[in-house]
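Below you will find the structure I want to go over with you.
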Amino acid sequence: MSRYFTKRTINRGKAPGSLVFIGERKSDETILNLIQYNEKEIDDFIIAESDLESIPEKIDTEKTSWLNLDALHNLELMKFIKSHFHIHPLLMEDILNTGQRPKVEDFDNCSLISMKMLQLEGDEIAVEQVSFVLSEGLLLSFQERPGDLFDLVRKRLVEAKGRIRTAGADYLCYALMDTLVDHYFDIIGQVGDKVEDLEDVILNHQDQNISTTIYKYKREFRVLHKAILPVRDMLLKILKSEDNQFKQENRQYLRDLLDLCQQALESVESYREQLSDYHNTYNTIVNNRMNDVMKVLTVFASIFIPLTFIAGVYGTNFENIPELTYKYAYFIMWAFFVVIIVGMVIYFKRNKWL
Amino acid sequence: MSRYFTKRTINRGKAPGSLVFIGERKSDETILNLIQYNEKEIDDFIIAESDLESIPEKIDTEKTSWLNLDALHNLELMKFIKSHFHIHPLLMEDILNTGQRPKVEDFDNCSLISMKMLQLEGDEIAVEQVSFVLSEGLLLSFQERPGDLFDLVRKRLVEAKGRIRTAGADYLCYALMDTLVDHYFDIIGQVGDKVEDLEDVILNHQDQNISTTIYKYKREFRVLHKAILPVRDMLLKILKSEDNQFKQENRQYLRDLLDLCQQALESVESYREQLSDYHNTYNTIVNNRMNDVMKVLTVFASIFIPLTFIAGVYGTNFENIPELTYKYAYFIMWAFFVVIIVGMVIYFKRNKWL
Amino acid sequence: MSRYFTKRTINRGKAPGSLVFIGERKSDETILNLIQYNEKEIDDFIIAESDLESIPEKIDTEKTSWLNLDALHNLELMKFIKSHFHIHPLLMEDILNTGQRPKVEDFDNCSLISMKMLQLEGDEIAVEQVSFVLSEGLLLSFQERPGDLFDLVRKRLVEAKGRIRTAGADYLCYALMDTLVDHYFDIIGQVGDKVEDLEDVILNHQDQNISTTIYKYKREFRVLHKAILPVRDMLLKILKSEDNQFKQENRQYLRDLLDLCQQALESVESYREQLSDYHNTYNTIVNNRMNDVMKVLTVFASIFIPLTFIAGVYGTNFENIPELTYKYAYFIMWAFFVVIIVGMVIYFKRNKWL
Amino acid sequence: MSRYFTKRTINRGKAPGSLVFIGERKSDETILNLIQYNEKEIDDFIIAESDLESIPEKIDTEKTSWLNLDALHNLELMKFIKSHFHIHPLLMEDILNTGQRPKVEDFDNCSLISMKMLQLEGDEIAVEQVSFVLSEGLLLSFQERPGDLFDLVRKRLVEAKGRIRTAGADYLCYALMDTLVDHYFDIIGQVGDKVEDLEDVILNHQDQNISTTIYKYKREFRVLHKAILPVRDMLLKILKSEDNQFKQENRQYLRDLLDLCQQALESVESYREQLSDYHNTYNTIVNNRMNDVMKVLTVFASIFIPLTFIAGVYGTNFENIPELTYKYAYFIMWAFFVVIIVGMVIYFKRNKWL
Amino acid sequence: MSRYFTKRTINRGKAPGSLVFIGERKSDETILNLIQYNEKEIDDFIIAESDLESIPEKIDTEKTSWLNLDALHNLELMKFIKSHFHIHPLLMEDILNTGQRPKVEDFDNCSLISMKMLQLEGDEIAVEQVSFVLSEGLLLSFQERPGDLFDLVRKRLVEAKGRIRTAGADYLCYALMDTLVDHYFDIIGQVGDKVEDLEDVILNHQDQNISTTIYKYKREFRVLHKAILPVRDMLLKILKSEDNQFKQENRQYLRDLLDLCQQALESVESYREQLSDYHNTYNTIVNNRMNDVMKVLTVFASIFIPLTFIAGVYGTNFENIPELTYKYAYFIMWAFFVVIIVGMVIYFKRNKWL
């Protein structure tokens, strides 16, 4: 799991800043999507890989442009983007390294924001890196593979809902970041609901594999924590810095996003505590149950072992055992047995073992 | 439980700021209550839903007004309130999202304060969101359903006790916040008393379901912690800010409230530690008891198993067993048994097993 | 235990600042003691409750005065004190609420300092609230019941030892606070000594109720922690504030007191860690002992159960069991038994079970 | 393990700053390597120990020089270096003490940076100290033994890749530090992969020595933590200081390195949490398994012990046992046995023991 | 153990600042040693107790003087020192209270530095308080009993090694503090080596008393932690303060000492974590071993208890048991036994119990 968050340097020893894709290649497709808009119009292009050279002429600096790339592994394309948009080598290295921790970095005329897009695939959380390069009037977004959570933002752009068509590239960037953080809540909610459901299972001790289940949920919340914590740090950094690509009038939206991240972190923390409490409670329940099992065994053994011994004694073949010939001996033995059993049961009852 | 504190975004992808109620609809009723007062007079209106349009003319800007709404789910009403009182879209979104973390937010001419109203319903803590919108001379309060803790404040207003009639809307807001925090103490006290009572049960080990009980109390304190911690942060933020809706002369009341929150948090923390100590102590007691059970079993088994074996040996039907024909063999066997039993008992006594 | 630190609001809904005694009424007596002194003289009055009105004329503003009241529950008296000495309503509320967390609060011309007086009563720590109201030349002290730790300070005043007669009301206040903190050390030391004595008991595992004992000491250190931590915060606050009732020349004594509190907190923390270590060590010892018990049981059962089975086989009454008629069969069986026993013992020895 | 991080002072009582090698002598060889370069040329010398005196004349102050020494134990050499390069005694002491914690220290005209070079040797992490002395145009590097991770940097120097040939000694120092930190990631990744693989082993409980394995990985992450944490502190200190050997234009590379260290620390922390979760989960699984074992034992014993007792009773040799002569008694006994067995099985099924 | 760090006030109620020795009297001897030196000469006097009055005339203000006293319990001497050297009463109180936490305190013309001298006596760490009073040209040092770690510093003084003869009283004070901290490392190293050795014992589970041993080492590291942590705080305080007895040119030595303390603390912390890991690992190993024991018991009991039952059935003396008369019945029974045993063994093998 932690693999998604650990930079495995393949370019060790190479000049820092050289162009190498680090990560798992998740797709073979290369999709480029350019959306340009101002208050009145909006254009949406899908650009063919062969048609790369046409990008510069397509971009209309009068409008706000959003160029979305779904193919980090395509180094040719990356090289073209790097040179055409004058992207700093260190920045490009960060984009291409999908093991990157979420962060913001300010360069001369642009800011890099990298975050994790989390998606629940079955029971596992799939982690994908999304990087935004934000400059005046232009937002580049880089994803590892096609398919994302941004369709609703695209719809809002087309339908010209809210401030989105007028508020510039930084507001668009905020809207996309907000979508990612919103989806963290969806995942927290979905995993959290499963965690809440565990409570009944544990308290009614219906299941044996609960420790494995608890472990798995803990792991998912660790993934969430590692995705969200640096986003909070990042937002704090953006808000503290006097001078970056986010305009003052859009800053209150970022503050809102910061509150959301704080809340998400507290939820994650709370669920982790809850899982720890589950674990402790479950352990105590298991111990109690073992105690019950031991008591049953002990009660049975303590009652019958001495009785069996007595019976064994009168099963011996000694020639001279006076009791054997006494007429009521057998019945006396039974009476004796009953006395012992009743005594034992009373004793165990008093000790609350029965 | 954490559900009350996790924003589940239904408006994902919509423009941030659009009007959607997020949460569980707890009531169908819509109650509007307007209280207006100055030092000399006080008016108390219940406004019918159909009579909404009359609100503006009823509000007397010479007096301090408190408009209380018990119906977040009523979006028509919310829309009217929003447009009539010029409430910022982000602020309205916060009010309508009942999964909101308690917070304060300052807007141009008003402040939003959202808190949790906690109420013990049976053994569970019910969580309801209360939002205050405070501006000069006017306090709006939004609740999820009718029924609240504010009747005593209303009584004080009517009876003109203390500073409340003269000290403005910010003091009224403080008085309501104080009521909520005071009630946290009531709940801490009530749950805390039950926790204290647990001590006897644990130390005298009278109950098996204690781990479940401990778990449940831990959960309640987690709810309390999540309700109180952000209130403290909020008060710190209000007190640090130079310029907000709270007047300097009322600030010492807020400082007092901050002390209360700090104290409430420490109480919660202390009870949580106490519950953890309970858990550990209980586990050790269970272990000790299991040890006792094992010892009983081991003592019985260790004494009688060898004896039964001996008896078994003389129960075999071999034709040639010399001992069987010896006249006192049976009595010698018994003597041997007694020696073994006595020896074992001494051995176990010395090892403190008996 | 936490009850002493949790404000249980009886005045919920009343105007903040109204006069209500909150806490357990610990005494019916009302004792007023006024001590006035300057470098040369000292007067010590016990004032009767009926004689309240005489207080104002008795106070000599040329001297330093210390008025000590042992009766928080006497609201009549409190009202008189409040109005005569012009005490702020919030301050009076803090004095009367014995569930108050220790704190300092600065008002216009006086400071409130509230602390806990701890006393060991048997095995329990009794908690009493002591509040000081310090103004120029006058110190009021409020206690819940007669009997305190201040007799030695009174003796020093009478005997005119050290700076105490010349250094003003703030130094007197410091001397009283110092006495309270010094007594914390006494209690830490006394409980700590008992904790140290536990070590032998645990490491030699002589006792079964140790987990209960550990729990009880943990609880006492939690009481101490809750009494001392806010005192440290309070002293830091006094020392940081430029302008309060403590004169610069007496501040180094407060710094000394701060060091003491820090040291007391570290001692408490250290004892708590020690108790946790005890708990863990004790658990492991219990586990080891259970392991030993299980081994004894297993060794006995594993050796004799198969033997008993063999004996049982030859106790069957089949008509045709060839071995039974063989003359040495019985002795061969015994030889076989011995071989098995010896083999088992060697096996268990090798596995370190014996 | 901690031995590599604990200064064992052999020079106790000597003047601080005297020349003593503290640590394990890891090699007998002494290798000196001098690389000098500017944008156009690069020279690479291996200097014989006997040829020490030639170093001064070889160093060309027009170029950037990197003198690498692989022999801390060679005090003669150290003395020469110390006096020739005017190295401060405290700095030299730090270089020679291989138990040093990573740190940066600024001296008049040079900075000392000491770090740990970690290498996986089999399952163990080998720790070696590398110290850099950075001054204008000259970088000295000190290693404990020949063989390092810097070959790729040397290759980049020779191939003149990237900025390395033009950016001065501080950039070279950064490149070497980057290589060390990069290698931390390699090790975290390699150990981390083994940790991830553990998950299957634990959840399918195939192995008994897992607690030992978990312990060993925890130890390795502790080594990593102790190597990386001070590097982060060191970088923070370098970046905060206005004035040191690192030029402003190279500082963003250090910021990048700081991010890497932060990320490495979070990875290490996350793996440690994961290992703790493993441990807890494994303990619960072991407990559950023990419970299962106990249940099997209890079921067998509870069913057969009473039956054996009944059989024993009718094996007694009393003369008068009426049942024995009844013709169908034996079959009735069997019927009774079957009823007991079936009843027990149903009982245990209902209690979920079977 | 914590006793050495807890002030047990015997002077409760006395004027703060009165002269009382608090602690265990560790020696009856009184030794005074005066060393005076400048760059050229050094004089070393042992002063008899009767010769106290001669001290003033012996002290040569042109030289640096170090007066070392080994007798805190000698209150007469202390009084003389106090009055002759004009030592502040609070300072004197701190020197005489051996339960003091290490600290620095600046007075008008001198600084008090108090530290703990730790020495390993057998397995226990002996704690002794050493206080330094540093003023211009004069260092007083106070120890609880004769015998210390400072002989090597004395030797360096005599041999005039390093800066020590020229660098003033503050450097001397640093050298003595450095010696104490250096010795902390010796102790950490020695206890640490024993801790490292534990690893084999635990992983090969050769010992039962390991939990006691772990507990004892934990206690020793707690002593070390309590001695070192305040020293770090103290050094930070000295370095932060603009104006104290330590000259700027000697401050880098203090920074070095601070690094050492930081490193010592990290080592202590790391060993404590290691001991906790040991404890957890050991617990799991014990649990696993118990599991093994239980399995052996269960396997034996489950196999033989049913067989013994069968044998018991055919040992009954019913008149009509048809099987008994069948010729091969006995052999069929044995065949049945073998089938059951083999089946059980296969079953247990499949469940990995064998």
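We just call them A, B, C, D and E in the order they show up, numbering each chain from 1.
Throughout what follows, contacts are C-beta pairs under 8 Å (C-beta built on N, C-alpha and C of every residue); 3 or more make two chains touch, one makes a residue touch a chain.
Since this is a predicted model, take the numbers as computed values, not measurements.
Participant: Could you grab the centroid distance between subunit D and subunit E? Build each centroid from C-alpha atoms only and quote it in angstrom.
Facilitator: 26
Participant: Please compute the C-alpha centroid of subunit B, do the same for subunit D, then give the distance between them in whole Å.
Facilitator: Centres of subunit B and subunit D (C-alpha means) sit 42 Å apart.
Participant: If you look at subunit A, which of its residues touch at least two other chains?
Facilitator: Answer for subunit A, listing residues that touch two or more other chains: 283, 287, 290, 294, 297, 301, 305, 308, 312, 315-317, 321.
Participant: Take each protein chain as a node, join two nodes whenever their chains touch, and name the resulting shape: line, ring, star, complete or other.
Facilitator: ring
Participant: What's the ring order, kicking off at subunit A and moving to subunit B?
Facilitator: The chains follow each other as A, B, C, E, D, starting at subunit A and passing subunit B next.
Participant: Quick check on the complex: what are the subunit B residues that touch subunit C?
Facilitator: Where subunit B meets subunit C, its residues are 151-153, 155-156, 161-164, 175, 178-179, 182-183, 185-186, 188-189, 192-193, 196, 203, 252-253, 256, 259-260, 262-263, 266-267, 270-271, 273-274, 277-278, 280-281, 283-285, 287-288, 290-291, 294-295, 297-298, 301-302, 305-306, 308-309, 312-313, 315-321, 353.
Participant: In the complex of these two chains, what residues of subunit D are touching subunit E?
Facilitator: 1-3, 5-9, 12-18, 90, 100-101, 103, 208, 211-212, 214-215, 218-219, 222, 226, 279, 282-283, 286-287, 289-290, 293-294, 296-297, 300-301, 304-305, 307-308, 311-312, 314-317, 321, 323-325, 327-330, 333
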